[in-house]
Amino acid sequence: MSDTTKKFLYLNRKAPYGTIYALESLEVVLIGAAFEQDVALAFVDDGVYQITKGQDTAGIGVKNFSPTYSALGDYDVNKIYVEKESLEARGLTVDDLLDLKYEDEDDDWAEKDSIRVVTAQELADIMDEQDVILSF
Amino acid sequence: MTILHTVNKSPFEDSSLESCLRCSKAGSTILLIEDGIYGATEGTIISDKVKAAMADRTVCALQPDVEARGMKDKIIEGIKLVDYAGFVDLATENDTVESWL
Amino acid sequence: MKFGILINEGPYQHQASDTAYNFVKAALDKGHEIFRIFFYHDGVNNGTRFTVPPQDDRNIQVRWSELAEKHGLDLVICIAAAQRRGIMDEDEAKRQGIDGNNIAPGFRISGLGQLIEAGIQADRLVVFGD
Amino acid sequence: MSDTTKKFLYLNRKAPYGTIYALESLEVVLIGAAFEQDVALAFVDDGVYQITKGQDTAGIGVKNFSPTYSALGDYDVNKIYVEKESLEARGLTVDDLLDLKYEDEDDDWAEKDSIRVVTAQELADIMDEQDVILSF
Amino acid sequence: MTILHTVNKSPFEDSSLESCLRCSKAGSTILLIEDGIYGATEGTIISDKVKAAMADRTVCALQPDVEARGMKDKIIEGIKLVDYAGFVDLATENDTVESWL
Amino acid sequence: MKFGILINEGPYQHQASDTAYNFVKAALDKGHEIFRIFFYHDGVNNGTRFTVPPQDDRNIQVRWSELAEKHGLDLVICIAAAQRRGIMDEDEAKRQGIDGNNIAPGFRISGLGQLIEAGIQADRLVVFGD
């Protein structure tokens, strides 16, 4: 497998907690990180709600998995695309999202933002470069 | 007779809130639960529609679902937050419960 | 007041079973009666004792079984829906020639008439689904 | 039970075949017919697609259950409400729907149409009169 | 690189067709399957949008799903009907398959 | 060409498994190779041998098992998703202390790495879900 590096995109379009797709998608990303592929995540439509700040699930009796997104940088998962139009339709800005960071090994381990807000058409270009798109 | 309408889907992904608004009467109560609570948030492409409905309908949202999704500070003014006990009370105070699934 | 509950989705995949559980607990706390909880569609999957969720997660099936025991709840799984999805009790397995069963404690398998009866007997029927 | 007659409404909002809700809802209606309650069906949103003419499922390998709707009249299920706005949004008219009939025992067994096209607000009034609303 | 986009939800109930149109490029192919085929029908509140997309994208629909739902005579002119073998061909002719679930 | 297939929904409730089956059959008919079919989320419920659908309906589980036997398909059920939903094979049941198993012939339980591997090895990965 070492000779093959593919571009994987995880496309997340569903809100957390109402359904399990967000959580089980994140489980795939974590396992997939061990395979040393070129990984990116895209949050589109209600998927943007997966990475909002301030989630507190005590009242519904379900585990809050949003802190795990903050660990993605340590797994070299640091290309996190958020679609601009989806944010705007929901009255959200990047300030409403988790502060996802990674340390850039090519730049003296400088701390950088993982989240990149892109337009739908920029995202279309990004999707076009992928080898595998896993949608949940 | 009065109906308690529940809506459990995000209004950005699914038509159920819109259908509930179209097929419900003035005076009825709408409770947003699960992913439906995103319909109770401010500044979205549908919040004006929700506010218009509040003129003659009571709109509530399930607080545990609001908090789970981190939307506590974004709820439209005038939308009443209820807990599960409050959900039960709404179900008893109205004559029928209609779930818009 | 007497409640009937209909649950249309399986555990974990959708929040329906969680919301129904929290609703039922709150209703019981307020002194209401739960006439019956009917599991239909993928909802029948709430009644398998083969689930082993992660240790830091809730166990939806065990939670239902325990609540049923504590409050004498009637948890009914629709037989037609259960056959499509592979939920079996001992009798059904024998009748169908299936080599095992997976029904959880406190659940019973019966017909759709039990749902209609819940609609007739209960003061309110509340549906949880997707 | 004989002393209690309740008004049951089955609210159908989902298309057939993509999911099982339409089929399993119909199974409830058929069983429920034996209980001699006052039964009505409403088709709203994509639910109107459940009763369109000309369904042919040979190609997808799934049973075509649309002929069963035509038998509902024999079970005394003859109040079938179809929301006008949902039909119009989908470019459908009542001519696209199955020809559902029943024989009216109070009118010398005259054959009558079961389908009644109603506006959303008329349907809201009908819903308001129900004792039990089962939604699928 | 080209993408085959599949959409399996009714456009009247779910936002996936709209999101697919917004996030896909000119030249790409969109295959409507399962309840998604209702998006290929004529005279609906979204058929103009679909026709507009057909100016620079190829829109197909899965024939077995179209027939199952009785929509064979209502398909927008210019939408190509394919069977499962045609679906497989579209998946091989394009470089990636993206499912809008 | 080599296909990987991901199925995210259970049988009967959604059409995803039916569409995937028809796609896979068509691909095999055309001489393509199916590297692996991975069942995730409620998709794991396709692999229970306890289902008894109505006689006039298709048997989704048996259809998968037969196709797997005929073409040597690799049907993999995600272990984490299976534990949440109650799909067990003999080994897993022993490990988890579950008193029975329900896995269908031709299916095997394994980890999520098998899905990533399918993405790497296959020329196309096609997702069927809800």
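The chains carry the letters A, B, C, D, E and F, assigned in the order they are written, with residues numbered from 1 in each.
One rule holds for everything that comes next: a residue touches a chain if its C-beta (ideal position, glycine included) is under 8 Å from a C-beta of that chain, and two chains touch if they have at least 3 such contacts.
From a predicted model like this one, the values you see are computed outputs, not experimental measurements.
Path length between chain A and chain F in the touching-chain graph (shortest route): 1. When every chain is reduced to the mean of its CA atoms, the largest separation from chain F belongs to B. Centroid analysis (C-alpha atoms only) places A farthest from chain D. Chain F has its Cα centroid 35 Å from the Cα centroid of chain D. In whole angstrom, the spacing between the mean C-alpha positions of chain D and chain E is 29. Residue positions of chain D touching 2 or more other chains: 13, 17-20, 45, 60, 62, 131-133, 135-136.
Looking at chain C, residues 8, 12-13, 15, 19, 22, 41, 57, 80, 84, 125, 127, 129-130 sit in touch with two or more other chains. Residue positions of chain B with contacts to 2 or more other chains are 8, 12-13, 15, 34-35, 64, 83, 96-97, 99, 101.
Interchain contacts (touch definition given at top) occur between A-B, A-C, A-E, A-F, B-C, B-D, B-E, C-D, C-F, D-E, D-F, E-F. Of all residues in chain B, only 12-15 touch chain E in the complex they form.
Those residues of chain F lying in contact with chain C across their complex are 10-13, 41-42, 45, 48-54, 57, 61, 80, 83-88, 93, 96, 98, 100-102. Those residues of chain B that touch chain C in the shared complex are 8, 33-35, 62, 64, 83-85, 87-89, 91-92, 96-97, 99, 101. The touching residues of chain B, when paired with chain A in their complex, are 8-10, 12-13, 34-35, 38, 41-45, 47, 63-65, 67-74, 83.
On chain A, the positions that touch chain F within their shared complex are 1, 4, 6, 8, 20-21, 24, 27-28, 31-32, 34-35, 37, 131-136.
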